[in-house]
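The same subunit A turns up in both complexes below, where it pairs with subunit B and then with subunit C.
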Partner chain A sequence: MHLLPVYRIRLNLAVATLVQYRAALIIWIQGLVVEPIIYMAVWTQVAGDSGSVGGYAASDFAAYYLVWMVVRHFTVATNPNTIERRVRRGEFSPMLLLPVHPIHMDIADSIAYKIVALPALLVALVVLALVFPPEFALQSWSIPVFLLSLSLAFPIRFLFGWVLGLIAFWTTWARSFYGVFVVAEVFLTGRLAPLSLLPGWGLALASILPFRWMMSFPVEVLLGKLSLEQVVLGLGVQVIVLAVLLTLLLAIWPAAVERYTAAGA
Partner chain B sequence: MRYLRLIGLSFKMSILNELQYRANFVVQIFQTALELLVALGGLSIVYSHTSDLNGWSASELVVVVGVYFLIGGVINMLIQPSMIRLMEDVHQGTLDFTLLKPVDAQFMVSVREVRLWKLVNMIVGCVLIGVGLARLNASVDAGQALVFLTVLALGLLIVYSFWMMLTTCAFWFTRIENILVIFESMYEAGRYPVRIYPGWLQFTLTFLVPIAFAVTVPAEALLGRLTAETLLGAAGLAALMLITARLFWQRGLRHYSGASA
Partner chain C sequence: MATVIRVRDLARTYQVTEREAGLAAALRSLVRRRTRQVKAVDRVSFEIDAGEIVGFLGANGAGKTTSLKMLSGLLYPTAGEASVLGFTPSNREAAFLSQITLVMGQRNQLVWDVPAVDSFELSRAVYRLPRDEYRQTLDELIDLLDLQPVLGVPVRNLSLGERMKCEIAGALLHRPKVLFLDEPTIGLDVTAQRRIRAFLKEYNTRHNAAILLTSHYMADVEALCKRVIVIHHGHLIYDGDLTHLRQQFTTYKTIVVKPGDAPLDPALLAAYGEIICEEVGQIQLRVHRLDAARTTARLLADFPITDVSIVEPPIEEVIERVFAMPDRENVEPEPVYEAV
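So, the complex of A and B:
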């Protein structure tokens, strides 16, 4: 329970820092909107020719990207690059002196961003919904299950980034590797297209690597593209992935800290 | 003549500076390869579900992506680095040193920095254009090539003026690094022909953030889709924007207070 005040103070601090730059709100809105608009426009064109693509009509794509934006917002996490920078520049030193695990600051920071940038997300959603009218086919269980899978997706994405970031403690080439990670994210989180539109091996890859479970899966749930069995199975996989990542973090972190001291000496 | 020599000297300095860090060349190749993967992978997924995108075939879009890489390379090599330096100079007051030189200051701030390794993106762009044209069996005659180069140059002038105007805002607002992010994310939209976007976005990408003239129009010139009106429009807009950028710069300079003020 000693963590609670740590979180409260860190959250206040992060919110105060972010609120300083109010003009950034406009840039956030713009950054949120442009990419989904590109993909929506492209897929609307593709769907327009034949009515629908792989089960998605134009209005389904609109719904897909709206939900995808919500999921992206609530799963925003620390980038592996940030961890690499901390290792390279020695920025971990002061963080390691504190009596709490540095991951808690990062969790608090990314929660703060979600709160402060929420107005930007809402504006972006309204704008997009006006330009590309969406259509939802909700099941009775869609929304609660969506919220459940979303609340699993955030820690998965967060821990995945953090565990990958730990590679930087061992090699200076980590930064190039993270470039590959960013590319994989474009294809495998359902950003470029819904995963079901990728070739079969793409979906398989996204399911084996945790990419599908940290972003695409909640979107699929809310869009009603999955049967009840697939949803239950998916939630189970999310729990397993989360447990594996947590175990990895707990196992690797002490060794990483050991390496870090060695590097500084 | 004197100005040409200055450009030569300035570029030589920057290039010598860049040559010190040769490992960056390898990093750049790797980075460009990843960008290429995203661009072509995206195209192949889209075209696995359709054979034409609003009248554009896959091979034609390879040409568009080629121009996107080529122009993006030029912007990142020549335009953006000098503009970033200018923003920093205004912010820190170090623009004094440039203003004291006995040459036109706008000229000086525009040619100060070169990122040599972005050449990789330009080469990749040219290769893609070649591949796309070959797959179309399109023959480009001398006249068409000349039109292409003209529109390309006009597009670059438009982008330069646009950047110059944005950067000049630093004289009033001091800290505007975030503007970079806006341009970069908007430039992404240039990967596809602007005609596929909804009307208001087409307008934005043509006149507010002039990416249409930088990427789509030159690609149209190569593919024989360019109309005389568009060509004239590009020339007109380039002239208009160059003049506006100049006026902006002169106004902005009056607001500059220097390092010691």
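So, the complex of A and C:
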């Protein structure tokens, strides 16, 4: 409970910081909107020509990417490169001197981003829904289960990024490794295309690794593409993935700090 | 006095990679990496009591900052033991971190884009300070450091001196019992340096806090520290009174001679000691410290002098000499100037 005031104040600070730079904010929001527009334009065109692709009609792709935008927005997390930079430049030092784990500050910061960019997201969703009319097949349980899976997806994506970031404590320079991670994320989270359009091995890989559970799964839930059994199983997998990542963080963190050389700071 | 810092044979070794300059050497190092073990701190031992202000001196790379980082829990020692307020720093327990602070010159702990007072609020929550206590401490810091005019200004818009004062205030809001200060006045103008020195002295007196301070400004050390620890190439080579440091590392004193109406001939004075400074109205002679009194008496007897004084060498000179030593096993003796 003692962390609640820390979160509240850090959140306020992060929001105050984000709104300081209007130009940067607009550029971030553009990034949030432009990418799904491209995917939507391409896939609705492809589906429009042939009726549907892999069971997705043009309106399904529109629905997919509108939900994907929401999921992506609410799962934005600390980039492993940020952790690498802190290790390489000794920026972890002030954070390690505080009697609270540095991860709490990062969680608060990423929540702040979601709050600040939310109005822009809502406007973008309305405009895009008018340009690319979506079609949903909602079940009675779709929305509450979607919210539940989304609330699990955020900590999964957050912890995955953080655990990967900890590699930098051993290697110092880990950007190229994170480059591979970004490419994997594009394909295996359903960003470039719905996972059902990937070959079987691609879907299997995305399901074995945390990728599906941190972005694609909540989208699949809201689109009504999964049976109730698949949804329950998916939620269970999300809980397991989250527990594994949390265990990894707790196990690796003390060793990582022991490796820290506080170079340059 | 209770001992708050205990260090026994503390050591830290870094592995550093080395290569020659140039692209070819960079490519070679990709295949064959050459590493070297560097002993940044080598079996250092000392103790510091509550309420003490100790200067931690050494040239760049001597091991001062590494020591401070080990004592504040940022770095794990390779060997030896450290205890601060009864805690092992490397365990980084919250109760330990709540009672210490490490201020590193020019290293920003405040949130850059918002006023410092907002970052102070975060510290209040992080250290779980009761509002009344926080307000009281903040008012005290505002008063001592003259922070009122800068509190509402975003940190990025502050001058270096203003920012440093805010950094120090932020680092002390939780009233730490042990302060590790690494170059707290670096880059500041003389007025700001003096203000921070006065503040640290006041904080030390009010809260009986132990302070371990590194600084390249000897004025900081002379104003604040009765005791100094000198570290050189990772070894502790001196731990004691600042005034005794002069005696241990320099064997000379300076005699300042002010002539009467008739000018003095420096050539004649050279027979009494090494002339180190000739100015209008005064000449300075360097003599062996054991001969200072005898030489002064002879000068007064032999020349028409209106005033003469014996002064210790400036601490900067002493430290410069210590830093110039190759290592502790090869300390060269100070050249001695025989009195006539």
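The rule we apply is simple: the second predicted complex is superposed on the first by the 253 of 265 C-alpha atoms of A that agree within 3 Å, B and C clash if a C-alpha of one lies under 4 Å from a C-alpha of the other, contacts with A are read in each partner's own complex, and residues count from 1 in each chain.
Everything below uses one rule, namely that a contact is a pair of C-beta atoms (placed from the backbone, for glycine too) under 8 Å apart; a residue touches a chain by one contact, two chains touch by 3 or more.
None of these values were measured; they are calculated from a predicted model.
Student: Putting subunit B and subunit C onto subunit A via the overlay, clash or fit?
Tutor: Subunit B and subunit C fit side by side in the superposed model.
Student: Which partner does A:Y260 reach: the first (subunit B), the second (subunit C), both, or neither?
Tutor: A:Y260 sits against subunit C, while subunit B stays out of touch.
Student: Using the superposition on chain A described above, determine whether A:L192 touches subunit B (first), subunit C (second), both, or neither.
Tutor: After superposition on chain A, A:L192 lies in contact with subunit B alone.
Student: Based on the superposed arrangement, let me know which partner A:V183 touches: subunit B (first), subunit C (second), both, or neither?
Tutor: First partner only, subunit B.
Student: Under the stated touch criterion, which partner chain does A:P144 make contact with: subunit B (first), subunit C (second), both, or neither?
Tutor: In the superposition, A:P144 touches no partner, neither subunit B nor subunit C.
Student: Quick one: classify A:S93 as touching subunit B (first), subunit C (second), both or neither.
Tutor: second
Student: Looking at A:G200 after the superposition, I want to know if it touches subunit B, subunit C, both of them or none. Which is it: first, second, both, neither?
Tutor: neither
Student: Measuring by CA atoms in the overlay, how small does the subunit B-subunit C distance get, in Å?
Tutor: 6
Student: Do subunit B and subunit C touch any of the same residues on subunit A, and if so, which?
Tutor: No residue sits in both footprints.
Student: Could you please specify the touching residues of subunit A with respect to subunit B in the complex?
Tutor: 23-24, 27, 30-31, 34-35, 37-38, 41-43, 45-46, 49-50, 53-54, 131, 176, 179-180, 182-183, 186-187, 192-193, 197-199
Student: For subunit C, which residues count as touching subunit A in their complex?
Tutor: Residues of subunit C touching subunit A: 14, 69, 72-76, 90, 92, 94-95, 97-98, 101-102, 104, 107-109, 111-114, 118-119, 121-122, 124-128, 154.
Student: How about subunit A: which of its residues touch subunit C in the complex?
Tutor: Touching subunit C from subunit A are residues 2, 5-6, 8-10, 12-13, 16-17, 20-21, 93-94, 96-100, 257-258, 260-262, 265.
Student: Across the complex, what residues on subunit B touch subunit A?
Tutor: Within the complex, subunit B touches subunit A at residues 27, 30-31, 34, 37-38, 41-42, 45-46, 48-50, 52-54, 178, 181-182, 185-186, 188-189, 191-192, 196-198, 200-201.
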